[in-house]
Amino acid sequence: MIRYSTPGARHRRLAVAAFAVAVTLAATSCSFSDNPDKESGAQVLKLAVGAPIDSLDPHFINNGGYVVPAGLLEGLVAQNDAGDDVVPAIATKWEQSADGLTYTFTLREDAKFSNGEPITAESVVSNYRRLLTPTGAGGGSVTNANSYQIGLGIKNASAYQTGALTDWADVGISAPDDSTVVISLDAPNPDFLLGMTNNSMLITDTAAIEANPKDWTKAENWVGSGAFTVKSWDPSTGMKLVPNKFYWDRDKVELDEVDIRVIQDPQAAILAYRNGELDVSPVSMDLISKDDKLLGETEKADGFAIDFLNVQYSQNPAAQDQRVRQALSYAIDRDKLAGVQVGTTTSNSLVPTRVEGWTDSMGVSVYDPDKAKQLLVEAGYPGGEGLPAVQVFDHRPRPVADAIVDMWKQIGVEAKVTIVDIGVWADTRWKVLDEDLMGFYINSFGGIPTLNNWVYTYWGPDSTKQFSLAPADWNRYQEIQADEKLDGAKKSQMLDNILNTKSSEGAQEFADLVEQARQTVDPAERTALYVEAATLRESLALQIPLLEEPQAFLVDPTVKGVHVRTTIEGFYYKGVTVG
Amino acid sequence: MQLMMFLLRRLIRLVLSLLVVSALTFGLLSLAPGSFAGIQAAGAGSTGLASGRSVDLTSQVQQRFGEDLPVWQQYKNWLGPALHGDFGYSYKYPESTVGELIVAKLPTSLALALIAVVLALMIAIPMGILAAARRNSPWDHGSMFVLTAATAFPTYLAGILLVLIFSSWLHWLPTGGWSGPRYAILPIIALTIAPAGVMARYVRSSVLEVLREEYVVAAFAKGGSRRIVMRRHVLRNALMPLVTVVGPLLTGLVVGTIFIETIFGVPGIGGLFTEAAQVRDMPLLMGTTLVFALMLMLVNLLVDLSYAVIDPRTRTGLGLSTEPAERTSGPAAVEAMMEEVKP
Amino acid sequence: MTARTDDGGAALVIDRTSEWGRRWRRFRSNRLALVSLGFLVLLALLALFAGVIAPYDPNTPDYSKSLTDPLTGGNLLGTDVLGRDTFSRLLYGLRTALFIALTAELLALACALVVGVAAGYFGGKIDQLLMAATDVMYAFPTYLFAVILATVLGRSTWSIILAIAVGSWLTQARLIRAQMIKLKTFEYVEAGRSMGAGSMTLIVRYLLPNSLGPILVTTSFGIPAAMLAESGLAILGLGVAPPNASLGTMITDGYTYVLVQPNLIFWPFFVFACAMLAFTWVGDGVRDAFDPKDE
């Protein structure tokens, strides 16, 4: 049982170890992506994204939204530098009918996909048809949630998508000839053109998709319409883009390559930027709050997202008492929250302040502890007496939530933060809480800076009516939704019936105002109606605004042309120059 | 003959274990609240992805995934193709099959883990032996202090410290990325630190234990020199149990690399493993879990076999029990490590 | 009262009290183990009297000072992003971490003892099942399991304890099993059996007392392992519910601000590492104390 170790054996073992290292090194090197090109004079933009680029299919919600609109695909129109209007892209011009319901786009003749094929009106329509097909015509056998933005309001699009309508001819998208696309809407939508720049509405080549239904997003099969095309793509490490030589505006594309690195760890991204390995990196400003140099190199678009609390259903009647919810809103000192999360600003309304038409009258959600206490007295819960515990329902620890709970405690309310895993959070945030608990889930919405977007698309009439339902009605609502035996049309009708008869008066009044606003073509009148609606909605306090978050990037001073906008992708790569 | 029987029995057990793992994992997944569709529709917490999406789209997506079938039926639907090696398409990465994803990422993780284990052994064995041989000397205490601190290091903290030192301060190496061997250096070091600490402690305990065995005491009593006794008697017997540790450690490192991957941008399998559970990507979770289980079981089988070859004492045990009696963790330092390397 | 010690099979009858005295003397002679034990006692006392020692309430924010440096504004170790006193949170965090680790380890040990003894002593089906379970358990997705526990039990300290215990009992059971297999072949056990002693008697009177050393060593390693597991759960977002602190959540929270205020992660990590080290050294000492061959 006692073994002898000879010098020879020892060397053999060392040799084995060395061999193992050599073999594994060789194995690893096979998986390295190609070395960065070091051509002299070549303009390479090195940038980071914070999440794995899991898919490039724009018709489903995925992280492709961080890069695809920035350079891989283009829509009929594109955003201007400020992100508040559109400029020609695949369409050279468009006309709006007098009633605001119909848009006629004329496509440019030299619009081509990256394989040189022309982009025709038929390409555009078949693309939108794929987007709206209810079963999801997606790449793999299973796919993500559909990315169509309901707020766009294309005629019958939602109904077709939910299966309530089955004839594509009923949907308001058509191509009368090769270079004309006509889109009609349910109601006038001042955001329609900006909405057409969303990832979901960009133009893919459906012919290329049909040719490779499962592999069409792989680099070798990719056919796009944007300024760049895919050179290589690995979901977890990143991708390399090179200019699309068939792009109609090729002359304006200055970069020779875009080198996108997936860096999921925000600290690591900051360090890589600081080390000169990145030209551009998304950043959360509270992570660099004491670094004046980095703060100075931050470019941001304010009012990108609103952090808010959304009421949860509860068997306890207090959750349905507007005064209680208002009191909880008045108890939140948003200045202090903004201090906790550096880089954010206070939000007294669910509409970001940068939105055109924003007025002070909308900012009803302010800090007023006395009023909060008084409202609790009026509601019959003096000093919080008799209230159930109030929770902030979250899926990750965040200091702001701790601060809110502390502020609620200051007015005598028993409060706590409940953190669950993201799956549990998504699954249960709309569940009805028991008698002994009420609460709000915390979330963020972000998007284009228009009144229509922040009053109609987000927390719009349907959502507001839904959250004002009593628990029993809400449960009934969900039962109907889950009922597979009902056909689409019947189901929609039953659901609408509940919303229209069981929701609160305030919610219905808000819905009427929004509907009026949507039907109004005169901009000033429409703005006034939206403002009135928004002000009413804030007073319902079904949602409590907390903070405005900017879209922020660290941008190396030698990089020019990064125009940060309030969209997911942040900026277009097209006009960017390096060095 | 005995060996063949042993192998056969172990292989049957391996297949059964894999089935149990798959059924349990599937059951767990269906028990856990939350669904991939729901998480996607909720915007998975990323600002901007969410919109005022109504619930009915979610339920549609669920139907498409078959998430409304009874659990056993879903499992059956999954198991059939899986037995033929078809794990289907990932939910999260809808353009790739689970097989493709694993094949693309496993070699990198395996290579990193192998190198890290070899390096850890190269550090741990000499340091552990020296510490044991010079027990209670300043060297012993000093090195154990450093090594224990190393085991306490969360990998992400180790990673960011390495970046701060070697990239930000010294500018020797890139902060991350994956374009050449240079990019693998920091991830490997970060992966090596904790296992090196654990194994050094293990070696030290093991050597100390063997030093107390009768035959060693006897060898000393017979006037054997310290060097010779250490080399001939102690090391051989003290290091043998390491074989049992290296296997699980290696498999643990293969899938336990998520933080290294997120900090350095290494295209490994650890991220998939954790992500799949977090976003309830059923096909991906099942695939990665089974690959991990298979690796673990194969390695354990190899360990048992090699043990039987090295140590004749256990050979008799092989035929009698399905497990060599000696294949048990030695000093409890292993416990700590097992927990550390478990994903 | 008599007990038999494991000194190579020869049975010695000695007075138990003096045996414990001897163990203590042996333990004491290892100065490092003694210092470590003292350190752990100090930590335990700090944790126990956190309410008395802590200069601030650990959970009350002070928005006027966020992420301050140590020794400024009356905060010994500075403050976190909400202006909460790091030193106070460290004391309470230590309390939570120690409580979770100790309880989880005890739970795991109890479980491991029952299964390990059964498998090791009786062998057969239980033994095979235990061995087969090992592979299955290691391959299990811990994350999902912790999520389910947290869903069923609510996000409480107990669900965390249970998640850790479930993750760690198996290795310990295997350890105890090995010990049983080793001991049951010893002559005095055989002798006891031939004299007609029942299984229970043998286990309780001979096998367990003689396994005490290894079991204690396991425990002393198991506790820091449980502490590690707790911080692992915290990383996955399944740690102690806010605003309460534990060492694990303090380390993960501190990581967010590692480039802004490194003190926030340094101090909890320092205490954590020291505690792990102390447990290791105490474990060393305990093994020596129980193993007289070293003298």
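Going in written order, the chains are labelled A, B and C, and every chain counts its residues from 1.
Methods note: a contact is a pair of C-beta atoms (placed from the backbone, for glycine too) under 8 Å apart; a residue touches a chain by one contact, two chains touch by 3 or more.
Bear in mind that the values here come from a model prediction, so they are computed numbers and not experimental data.
Looking at A-B alongside A-C, one finds more C-beta pairs in contact between the chains of A-B. Compare each chain's C-alpha centroid with the centroid of every protein C-alpha atom shown, and the nearest one belongs to B.
Between subunit B and subunit C the centroid-to-centroid distance comes to 22 Å (mean Cα coordinates, whole Å).
Centres computed as Cα averages put subunit A at a distance of 36 Å from subunit B. Computed centre separation for the pair subunit A/subunit C is 44 angstrom, with centres defined by C-alpha atoms.
Those residues of subunit C in touch with two or more other chains are numbered 147, 151, 255, 258.
Subunit A has residues 267, 271, 395-396, 421, 423-424 in contact with two or more other chains. Contact with two or more other chains is made by residues 32-34, 156, 160, 259, 278 of subunit B. Residues of subunit A touching subunit B in their complex: 1-5, 17, 20-21, 24-25, 27-36, 51-52, 54-57, 60-63, 65, 134-136, 138-146, 149-151, 161-163, 214-218, 234-238, 261-265, 267-268, 271-272, 274-275, 277, 304-305, 395-396, 421-430, 443-447, 457-460, 462-463, 478, 481-482, 484, 491, 549, 567-568.
Residues 59-61, 63, 66-67, 80-82, 147, 150-151, 155, 237-238, 241-243, 249, 252-253, 255-261 of subunit C touch subunit A in their complex. Across the complex, subunit C is touched by residues 13-14, 16-17, 20-21, 24-25, 28-29, 31-34, 136, 141, 144-145, 148-149, 151-154, 156-157, 160, 201, 205, 212, 214, 217, 248, 259, 273-274, 277-278, 285, 289-290, 292-293, 296-297, 300, 321-323, 325-326, 328-329, 331-336, 338-340, 342-343 of subunit B. Taken in their complex, subunit B has these residues touching subunit A: 32-35, 37-61, 63-65, 68, 88-97, 104-105, 107-108, 110-112, 114-115, 118, 121-122, 156, 159-160, 163-164, 167-168, 171, 174-181, 183-184, 215, 231-233, 235-237, 259, 261-268, 271-272, 275, 278-280, 283, 311-313. Residues 267, 270-271, 286-291, 336, 339-340, 395-397, 399, 401-403, 405-406, 416-421, 423-424 of subunit A touch subunit C in their complex.
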